[in-house]
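Look for chain A in each of the two complexes below; its partner is chain B in the first and chain C in the second.
So, the complex of A and B:
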């Protein structure tokens, strides 16, 4: 095995190395050093940025691991997306960790990096085993992270052992342990959905006799067992993505878990879930996605409708953004339901837009709540006057989420609607654009709290430098790419186009195990 | 230099808003100077555009093009024709006056100017944009800041419970400023949803390579497509243009809005809707427009009459002016529905005339409200003796509203009515003129009740006339009313060539209809 066969995997490998570096640095640094958190966080961000830069330099296209992994523009796009989300997630969490878990910061970053490694492998996986392993690598660290800053009464207690995260069930009995409750919910739902996915995959693989995507389906109509299996996989993945009717964990977890972590959880793993969905349902079906797009379209319609409607009465902004996230994923599924390369590229664009808008909104929320505020609408009262920067940022993120022009979210929705319209999903486009107005209603309720309600306290929330930087980066990206969407659109189109030969041709995807074996 | 004129007009208010962001809010004077500078640059630019526009050549002039998303064919392409010049001029006059009228805003004034200026950038953009998608973007920009402007700086009204939708009172604070703001935003954005879907149809039907209005206008869309899509555009844009029955946001919105916002909204934003119906709906879908024109005209007549009737039964001064806008926008739509040169000239002229007149009315209502703290007409009376200046301007605006010869309103309504008479449905003219008659009744009645009659009650003895900078806005607007009323050719020379050109395209599209 030469380096060349590993080259497509160089980005995830680099992040793995980064995770180890952070772990070692954590060991090397004196435990009581005051600068520990800054050093570790800064190191993580620097390493992630380095890999991000490398992604523009290194050519990662090609087959790796005997065709089990394919690198192309699509995987590179998602890799960058995860790297950016990871870096923003670390920046947003630094001060929070320093305050609530000063001795366990290195592990947080390491776990986050491992999760990112899993995410980065998912979009290029062409073997179901690799897909499942990568997917679990993405998911398991998240269960731990969700419980990370649980009230933290005993500061000496370590949760470095992943198995200890399961103890969260006990912590949930404690009077105030929302993080533990959130973690156990995330874990139970995650484990259940993994089980469902695996069961479904076992049926599919059992019928096909291979774990390679290329061999899963022939041109003939799938057997009933295969259909059942695929529906189970769809249900399992829908849990992860959080779309109706598998969405109820989303608002609960968002409400309970530490907000900087939710900022990350609400974007990156969902993009990972979407990537997995694309792998199994569009690439795996060998150019015959037609059988499944109806199911995906139904989920899209249900998510857009239910998510938007259930967000309306929420007063806790985390829950509101949770339900809005359900709706947003509905829009992404609408793009997937087109089943063509253009739709996929719009989905990629949408997810990128969603990273900046949704993370930004959560980080602003965190900034307000961290300094003695609350996460509900009342806590945001008069934010624009307490801190014009936070107020303006929040408004920008909300408008972007709502899909208002000159924010990136507008282009994201526009491109998806256009692609869906071209694919003939006119009814869903109408439904989606009407529901976008409903969405605007509740986003404006948040903006109303920040802009129209008199502030209950005058002082601006104290915001740490790293958190401020993360919010500013999100703001610049959401507004800058909103004004000039061409670069992102080009690269998303390229990403979608790189999948097109596995989509448009009637034959199975051109990935065969013999191609690169030596 | 002229080539960059349009981008400058569009960008100046937005740039001023960006500069405002950097100014600490305690510097009230600097805030006003910067806002005024932004508005002045746009105003001067629009006058310059009107002067430089070569009316003998006609067509689109001063083009500016910047590819935004080349792979989809989205270009930021600006150019201006005779209609655009008139409406840009209108916007320039009104933003100039509106910024002046906002000098008295005390609370969170910096933010107020920021939203106001961003909104105006959007309005300018719509009038000069030649790319359908960017047109839509600017349209949204022009609509959305309204939510904050009304929600934060608006005033709440008491609206008595009535009608079949009485249950709404239990859920919402009907008449409250936040209710008005939300109602306006949601109704207009539902319209936008219809527009967006229509844009997809048009773009895809033309081969999905460009959003350029000129190119799309030459595409012969199938007859069924046109007949299905035109009403979508008509209702979508019409919701902003105050088309019955999608006008219900407008009285609440205008009444709740602060002075400058009412001026802009009734003066310019409603025109965006009517402009959209004509420029996008009728020019891109001529066959659909011809098919639906009888409906558009009939609904416009309903607008005129129903709006006037509603205005007559209002007790709140701002609601009267707001409903009169609904009525007058009906005149614009009636002119558009005639599909002949006189009618279209009248429609565009009425946009200008009504814009200036209603802006003047709202600015004066704002002045009266600031002093008397009431808008209920029954409580007023005899204000003319203590605020003679305001009374004079108010009367002038009211007379233009009822179409008195010598004011801009007369020329506009005359052309529309003539056009309607010569059109295929001459009967439209009769109820429309009846509407103008009703207008005269409520206008004169309101004017008398507020300014004339027995002197003001004890309660209002400390009122005073407009002072200092407060004069500026009424004077600018009143001059426009009189100048363009006495000498309508000044504007018609700009409007007419564009109308002829558009009408020629329209007629040839009908002839070669698929």
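So, the complex of A and C:
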């Protein structure tokens, strides 16, 4: 195996190396050093930024691993998206980890990096084996990270005093109790979806006799057993993306898991799931998804409707953003239901916009709650007067999520509606626009709490430097790209076109001497 | 034993797993049910491979085994965390979050 066959995979490989570097640095640093967290977090952010810069320099296009992986503009776009989300997620979590898990910070960053490696491979996978392995590499670290609110102090207390650990009522009041529940829920949903996807794939792969995606079920009328298999795969992936009717874990996990982690969980793995869905359903059908677009359109309509309506009565902003996330994924599925290059581009653009807006909103929420506040609407009361910076940021992120000009979210929604309209999905566009107005109502309810309600306390929440930087970066991206969306739009268009091109040319799967696929 | 009976057996195993997943309240039992579902997939992979020739299915089953083992390792750790937190591994104990 020469370097050339691995060149398209160089970005995920670099992140793997980064994960190992952080792991070793964690071992090398003295355990009780006060600067430990800053060094590890800073190192992780620096390494991720380095890989991000490299993604602009290194040419990663081409086939790798005997055609099991294809690098093109589509994979580069998603790689950058995951790197940015990862860096923002690390910045946002640094102070939280230092305060709550000082001895396990290195593990947090390492697991996060491994999850990012999995995400980066998914969009370019052309072989189901690689896709499944990468998808699980993305998912398994997330289960561990969701349980991370458990503090080191609580752990030692329980070990030294076992009698107390069994007092369930007492234990349930501990601050980490919801995290344990959130983690087990995320895990059970994830493991179930993996099992469902695997069973579906076993039927599809068994009928096709190959694991190569290109034309896996290309026949005009697939065998009934293949259809059943694909339904199961679609259901399994829908669990991961969190769309109706497989969405009930989303608000619960968002409410229970540590908020800086939720900021990452709510954007990056969703983008990974969408990428997997696109790869399986567009490439597997050889670019003619046919009636599968109908199934995806139904999921889109259900998600937009149920997500937006269930978000309305929520008072806990984490749950509100959870249901709103269900709705937002509905819009992305609407773009995918078009099944053409323009739709794919707008989906990629939407996911990028969603990274900045949703992560930003969760990070502001975390900043308020971390300093003795709460995650509900009352906790945000008078935020604009307590801290103009946080208030303004929150307003910007909410407007972006709602799709108000001229935030980045506005362009994202506009492009999706235009693409869907051109593809003839007029009914869904009308439904989506109406529901966007419903969305505006609950987003502005949060903004109202921050701007119109009298503050219950005067002091501004203390916000650490790293968290402040993460929020500022999100704000700059959401507002800056909103005023000048051209660069992002251009690279998203390139990404969609490159995936679409690899379809129309039939994705030549070169049979090299070492290729052992039957 | 033909291909279709093997697949039917796998589908039955999968259904039993789904049933257990929906009715069991004990975290370990739920984990076992999910395992049953994953192993139904493995059975069907191997059955296709056996009756239709080729090693693809067996290869996939090996990968699937490795993945589910990694997943179960994390799952059992989380069950342990649930036990330390609530002193119980029935999922009823963990109902602080709505839904």
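To be clear about the criterion, the second predicted complex is superposed on the first by the 473 of 518 C-alpha atoms of A that agree within 3 Å, B and C clash if a C-alpha of one lies under 4 Å from a C-alpha of the other, contacts with A are read in each partner's own complex, and residues count from 1 in each chain.
As a convention for this text, a contact is a pair of C-beta atoms (placed from the backbone, for glycine too) under 8 Å apart; a residue touches a chain by one contact, two chains touch by 3 or more.
Everything numeric in this text was worked out from a predicted model, so none of it was measured.
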Can A:418 be said to touch chain B (first), chain C (second), both, or neither? first
Under the stated touch criterion, which partner chain does A:35 make contact with: chain B (first), chain C (second), both, or neither? neither
Is A:452 touching anything from chain B or chain C once the two structures are fitted on A? First, second, both or neither. first
Examine A:462 and indicate which partner it touches, taking first as chain B and second as chain C; both and neither are also allowed. neither
With both structures fitted on chain A, tell me whether chain B or chain C touches more of chain A's residues. C
With the two complexes superposed on chain A, say which partner A:209 touches: chain B (first), chain C (second), both, or neither. second
Examine A:184 and indicate which partner it touches, taking first as chain B and second as chain C; both and neither are also allowed. second
A:485 contacts which: chain B (first), chain C (second), both, neither? first
Which of chain B and chain C A:405 touches, first, second, both or neither: first
Using the superposition on chain A described above, determine whether A:434 touches chain B (first), chain C (second), both, or neither. first
Interface residues of chain A shared by chain B and chain C, listed none
Footprint of chain A on chain C - complex, ascending: 7, 10, 14, 17, 21, 27, 30-31, 34, 37-38, 40-42, 44-45, 47-49, 52, 54-57, 59-60, 63-64, 67-68, 70-72, 74-75, 77-79, 81-82, 84-88, 91, 93-99
Provide the residue numbers of chain B that touch chain A in the complex, in ascending order. 21, 67-72, 108, 111, 133, 136-138, 140-141, 144, 147-148, 151-152, 178, 182, 185-186, 189-190, 192-193, 196-197, 200-201, 203-204, 208
Spell out the residues on chain A that touch chain B in their complex, using ranges where they run on. 384-385, 392, 399, 404-406, 410, 414, 417-418, 421-422, 426, 429-430, 433-434, 436-437, 440-441, 444, 447-448, 451-452, 484-486, 489-490, 493
Residues of chain A touching chain C in their complex? 128-129, 132-133, 136, 140, 143-144, 147, 150, 158, 165-168, 171-172, 174, 176-178, 180-185, 187-188, 190-192, 194-196, 198-199, 201-203, 205-207, 209-211, 225, 248, 251-252, 255-256, 517-518
